[in-house]
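Pasting the structures here.
In what follows, chain A forms one complex with chain B and a second complex with chain C.
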Partner chain A sequence: MHYDAVVIGAGTAGLVAGARLAEGGARVCVLAKGVGSTHLAPATIDVLGYTPARVSSPAAVFDEFAASRPDHPYALLGVDAVGEAVRWFLGSVAAGPLPEYRYVGDLERNILLPTAVGALRPSALVPSTMAAGDAATGERVCVVGTRSLRDFHASLCAANLRRAGIDARSVDVEIELDRADANTLGLARRFDDPAWRAGFAARLALKLRAHESVGLPAMLGLRDPHGAWSDVQRRLGRPVFEIPTLPPSVPGMRLFEILRATLRRAGGRLVVGAEVVSADRSGSRIVSVATAAAGHDARYGAPWFVLASGGFGSGAIELDSHWDTRDRVLGLPLRGLPEPGEPRFVGDYLAEQPMARVGVAVDSSLVAEGADNVVVAGAALPGAVPWREGSGEGIALASGSYAARLVLARSGAPAGAAA
Partner chain B sequence: MSEVGGVLEELMRGSLDHCVKCTICETQCPVSNVTPLFPGPKYAGPQAERYRVLGEPSVDSSVDYCSGCGICSMSCPQGVKIAEINSQARNRLKQQKGIPLRDRIITRPTWLGRAGTPVAPVANFTLGFRPLRVLGEKTLGVHRDGAAPKFAGRRFSRWARGRTSPPTGRRVVYFHGCGTEYYEPWEGEKVVQILEHNGFEVVVPKQDCCGLPLQSSGLFDDARKVVTALARALVPYVRNEPDTIIVGNATSCTLMLKREAREILSLEDDPDLKLVSERTYDICELLLELHDRGELKTDFKPVDEHIAYHAPCQQQGHWIGKPALELFALIPGLEVSEMNARCCGIAGTYGLKAEKYDIAMAVGADLFAQVRESGANEVACDSETCRWQITHATGVGSVHPIDYLHRAYGL
Partner chain C sequence: MASLSTDVLVIGGGATGTGVAWDAALRGFDVVLVDRADLAEGTSGRFHGLLHSGGRYAVKDPRAAEECIAENRILRRITPDSIEDVGGFFVTTPWDDPAYADRFAQGCRDTGIDCEEIDPAQALREEPLLNPNVSRVFRVPDGNIDVWKTIWSMARGIQARGGRVLPYHAVVGIHRDGDTVTGARLRGAATGEEIDVEARVTVNASGAWAGSVADMAGIEGVRVRPGRGIMIAMNHRLVNTCVNRCQMPTDGDIIVPIRTVCVIGTTDVHTEDPDDHTVLETEVDAMLDDGEKLVPGFRQARALRVWTGVRPLFEDAKAEDADTRDVTRAHAMLDHAERDGVQGFVTITGGKLTTFRLMAQDTMTAVCKHLGDERPCTTKTEPLPGSESGETYHLGERLSRKEARLADDQLICECEMVPRWRLEEAVQRRATTNLDDIRRLLRLGMGPCQGGFCIYRATGILHSLDGLTAEQADGSLLHFLEERWKGVWPVLYGDQLRQARLDDWIFQGVLDVAHLPSSEREPVATP
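Moving on to the complex of A and B:
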């Protein structure tokens, strides 16, 4: 099959690149080995959280941060690219398939939201269903748990919030479930049912005190999260917010659905189950890639490819037992590897690990070294440590958007198509 | 044969070590999302597999509630062969607990078809006659409301034998499957006409069932016999003909030939099946590839209709996306609503079984609601059992996607 552009990877970066290419008039196909990172992450848009000091305004420190790290994706992209991508994202959510579901926030101020264990995490944009959790509100908080959900401990979350100076307590609400292995997804489906959530809200209301907001694990509906959240909030008569959970991430599933629908609405294809197993080259260009379909490989040719396959986390970049590191998707050269003799890892697990900055080597236009028609986006890029910097979604949005713009500009698609 | 091991089965089983317990398969599983009877692909697959010791009885029977749709394997970002592991576990469980008579009957479309076709009016009346269906549920365990097809009363192969495809030098082998043979021969007639319109000489070999119903009910030995017999029937047409391919419209049966028989039934080493597997195409896959090469005729007349399209799990299992949607886009006037639900619930024969009918209907509830809300006049879907289920549940008629190409060509 032939396309104007083929995107490899259906995480945030790949879906954004695919959607924006399609919106720009390109015939685009997004290939994914499986369903990816969206379903595992909190679905907040973290642009810059730590430098390593906690960042209160990403916009204020961005240039200084980028200048000190010339190999960082942000140094190559610039703050305007991030701002443009954020504006596109907010618009796409608003035009998306989930009625009235929105993201709020901007690059001027980070919102501090509690994690499942009650740590405070800085994000630039958050779903409106989470916004009332912002520590800056100074509200008293009641964290609500249910014993059925074994991976969410309300008392632990509240205790850690107290350590951070927030007046927090916890309550447990019994939820009758007919299964031992409940997760947030099963509960989210229940919250989509107005009668069920009315009953839940009534039971919870009995346990609440005056003047406290309510934090619930992120499970307030999958189909109509805005409807479920606003209904529960109205019934309880106080601010209610979702707290991101361990996987499966319900807000992450919503985010995937929004980006998938944006891609499809613009006419882009999505093929899940399509692991890239080989690539055909002509000189310094990739001509086509083959995926392992049933029976025989399927081949996808294009003048441009966007490599958004992720890093070590997705398995796209691999470190084997011989200490060899490679890009498993296209076999492109890597950058950021520790020099021979230098440590690859350091003793403190949570310290900045030298291997963490490894990515597919790119030039200043994010074009891969050794493949002139491959643009790299997201966690496959070298130079960043997203989990320490709190920068993963910002990089994914901005580089995915940038890759689409670059491809549209260089392939002469309709002018002005890329915003 | 029951404990056929082999390199591939070891690879399937070995893939469970790639499971990082991320739960993505659980977000996708149509069954575990609607019933606690199936605890989900991660639990029944990579987790429980560690406790399944060869030669010892299985400790957990919940894997029987897996419908075998394969969505978990497709969604797994780590490449764990979850559905395949579960299918093999289900087979071992069936051997341990014994195979119900029902499963021996409803997994034999050829027997049913041969018995029902000559007496179609009587057979159709019987299948639609409630007291007998109630009796069938009580004695056999086939649900009284399970979506049963109607015998066409004629066989596709008779039609095919009565005519000759004009020789054009471009041959294609047509694998029609049992659904086309006994229940919907008109779908096969349309496939042949579309292929001939595009310059192919269509060969229809004598053929039989692919064994998928047997396999999905855990009758692996019987399934192996049936699918290798089919491979023997098809392979002479492609063995010395490097440019000849096999095409089918029954998407679950073409998937069985392409991959499932080899991976789930451990027939990786069968050379005939291997060649057949590599050469088999789904009809929409083939037509879209022809279009990509500029070889598909596009003399389409407008078809002013609004339809819903559901890509069934087994079509998704080809791992080629949704080629039907790309073909629909070539037809002027055709308005298509893409359904965004995972599964209709039937999973071949799963939804016919008395103890699973309600689960199957709950699985399909999302899809049925979307079909109704779409306002579409008709549903296009690549799998016959899914079509029967959708029509059974919604009352909206359903056809194979190629029906619209056939109409647009004016054939």
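Moving on to the complex of A and C:
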């Protein structure tokens, strides 16, 4: 099978790169071992949350941050690339498969949303179903939990919000389930049912006080979350917001649906369950990659590849028991490794770990070292610690978009020519 | 200052000290058991979990071997609930001296260990991952023992008989009245409050720390050589039988399947400081290589956690060389009336987990002499609380309980199948806010995800149970994450590094625990 471009990885970066390549007219195929980071993450668009001080405006500190970390993806991408990618993303959400589901926010101001433990976490853009949780509203908050859901603990969340100066309390609503180990995904399917959520809202309404907004675990519907959220909000007569909690992430699954639909609408192909197991090279170029899938193996050839396979978290980069580190997908050189003899990890859990910034080595165009037709995007890039910086989706959107632009610009031209 | 008065004060809440207190309680004495940390947090909780058949000592230390097999049989009777009857193999690998096998078989005969040579092909049918090049295999009655369960069963039994169990109470001074030890002063870790305990007899059962406790009593020359060893827990039971190399005991020569994991052990390095928990990369590498010899492909499995334990090896004059393994594994009971002319003080140290009951019996027999009140020992026959049914633990036990109650039994820790009611009960019974204490009680967070999913849940439940502030709950969560990381990072590679990265995303990303409202943490301790 031959394409104009093959993207490896179906996290946010890979889906964005695939969708934008397809929108640019390329015949594109996205190959993935499985679904990516979307199903694990809160689905907020975090651009820059900590430097390590908490960031109130990503746009205001971006240049200074990038200048202080010349190895960071943001130093190569620049703030305009992030802004462009965010605008594209908002358009994709609006044109997406979830009616009226939107993201709100911008790069000028981080929104502080409560986490499931009651910390306040900065994000540039958030789903409209979460927006009323913005700590800046100063609203009184009632955090709602249910004993049936082991993945959300309303009283702890509310107690920590109170410590942060928010007037918060918690209530517990009973939900009858046929199995004790339900997660937010199972409950989201219930919230898709108008009759069920009407019953839930009626039970909850009895426990609410005047002038308080309502925080619920992020589970307000999967097929029509805007419908579910606005219905609950209308029935309760007050602002309602979702609070992301442990995986699987319901808002992350919505994000995946939006990006997959964008890719398909533009004519791109997505193959999940296809792990890239080998690559054919010709000199400094990758000619094709082979996948192992249930039932059959296949080979995908293309003049361009986008490597968006993630880092250690996805297994694309591996540290083995002999302490050797490698890119398992294409065998490309890595950057950011501690020097031999230096520690790989340190004993303080919350300190930055020396292995944290490892990624596939790239030049200033994000082209991989040692493979002239491979552009790297997302968590496969070196130089960032997205879970500490609050920068994961900003990097994914901007680098995925950038990779697509670069490939489209260079397609037809010999690899190595200027974009 | 608060004060207590008792017949017997036991210092050290490991298997030996708790065993002494249990023995004392069964003999009808009033007893106070104290530890500077949690019960079984020292050496007892830091071993591989092997219930010895004695095979390991059959050639080298026949007396230790005889004690092991006798105690093995007794423990299976009195605490079957803690024991899984997995059996053991001694296997001759290509790296082992083939002549040792016959000496091993003879040693087992001489010391009364049930030992049967089996066809290596049969051993491979039972343990398909075992090195196919083993030339001889002997079956012995090794088992595994969940020492936390054993120790807390005894603690419950002590409490039920009116004894007092005080974890997180460090001894800060030992009282002497002339030539008699009269008790000790304790300091509670949670409050800093001091308590004077007046005791007719004080037992120093502090294991590798016995020298410093004896020093506090003004008794000189009690020297315990701490021998530090590392153990690594792998995420599967690569074997379902304890597999030992058939050779003189050395490093990395045993794999013990216990609960959901298997543990490879161990090294033996002399250390000056029993609180030294250093893990060297060279030790980890050597241990993984040793694992490969017993189970080819061992390095491809996931290593969950590494820890160190210190053997308390009582020093005698002939053991000045560096290898602490050569010091006898038999225990040392020092009656300080005989040794030093000091009344009311007894030290018990050395030994090994499998013989803790015997050590306790010997100690209490000496204590009875001090008390002038000789009463018979009944620990050989009295089952521990929870073991009355006489049934040993089996691997599917937690799963079968869960499957019987799918609709109403919410699992908090999926890896170790810990249900919510059990967590709530443990929190209330122990009155602890320390998730690490709960981990030892229930194995919460000890499986492949190392707390990634259960620790937020457990923190939320802890907080919703009465009386815990958000500060304390956050402190417990962060304390658990920090303690867990100590055992995780030195063996972090392969898929376990993937897991750790997911856990980083959960805790530092989704939950953002690094930015909880106040950076000031409450101290975490049992009240």
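Here, the second predicted complex is superposed on the first by the 408 of 419 C-alpha atoms of A that agree within 3 Å, B and C clash if a C-alpha of one lies under 4 Å from a C-alpha of the other, contacts with A are read in each partner's own complex, and residues count from 1 in each chain.
Rule of thumb we're sticking to: a contact is a pair of C-beta atoms (placed from the backbone, for glycine too) under 8 Å apart; a residue touches a chain by one contact, two chains touch by 3 or more.
The model shown is predicted, which means the values in this text are computed figures rather than measured ones.
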{"item": "Overlay on chain A: chain C relative to chain B, clash or fit", "value": "fit"}
{"item": "Which of chain B and chain C A:G237 touches, first, second, both or neither", "value": "neither"}
{"item": "Chain B versus chain C as contact partner of A:G315, first or second or both or neither", "value": "both"}
{"item": "Chain B versus chain C as contact partner of A:V272, first or second or both or neither", "value": "first"}
{"item": "First (chain B), second (chain C), both or neither touched by A:D181", "value": "both"}
{"item": "Dominant toucher of chain A (residue count), chain B or chain C", "value": "C"}
{"item": "Touching partner for A:T245 - first (chain B), second (chain C), both, neither", "value": "second"}
{"item": "First (chain B), second (chain C), both or neither touched by A:P194", "value": "neither"}
{"item": "Partner chain in contact with A:P70 - chain B first, chain C second, else both or neither", "value": "neither"}
{"item": "First (chain B), second (chain C), both or neither touched by A:P99", "value": "neither"}
{"item": "Partner chain in contact with A:T291 - chain B first, chain C second, else both or neither", "value": "first"}
{"item": "Shortest CA-CA distance between chain B and chain C [superposed frame, angstrom]", "value": "5"}
{"item": "Overlapping contact positions on chain A, where the chain C interface meets the chain B interface", "value": "40, 178-179, 181, 247, 314-315"}
{"item": "List of chain A residues in touch with chain B within their complex", "value": "1-2, 29, 33-36, 39-40, 178-179, 181, 183, 185-186, 189, 247-248, 253, 261, 264, 269-275, 291-296, 298, 314-315"}
{"item": "Chain B residues within the chain A interface of the complex", "value": "22-24, 26-28, 33, 36, 39-40, 43, 73-79, 255, 257-259, 277-281, 288-289, 292, 316-322, 326, 338, 340"}
{"item": "List of chain C residues in touch with chain A within their complex", "value": "281, 288, 299-300, 303, 405-412, 420, 453, 456-457, 459-461, 463-464, 469-471, 473-474, 477-478, 481-482, 484-486, 489-490, 492-495, 497-498, 501-502, 504-506, 508-518"}
{"item": "Chain C-touching residues of chain A, taken from the complex the two chains share", "value": "37, 40-42, 50, 54, 115-121, 148, 150-153, 155-156, 159-160, 162-164, 177-181, 244-247, 249, 311-315, 318-323, 344-350, 353, 386-388, 390, 392"}
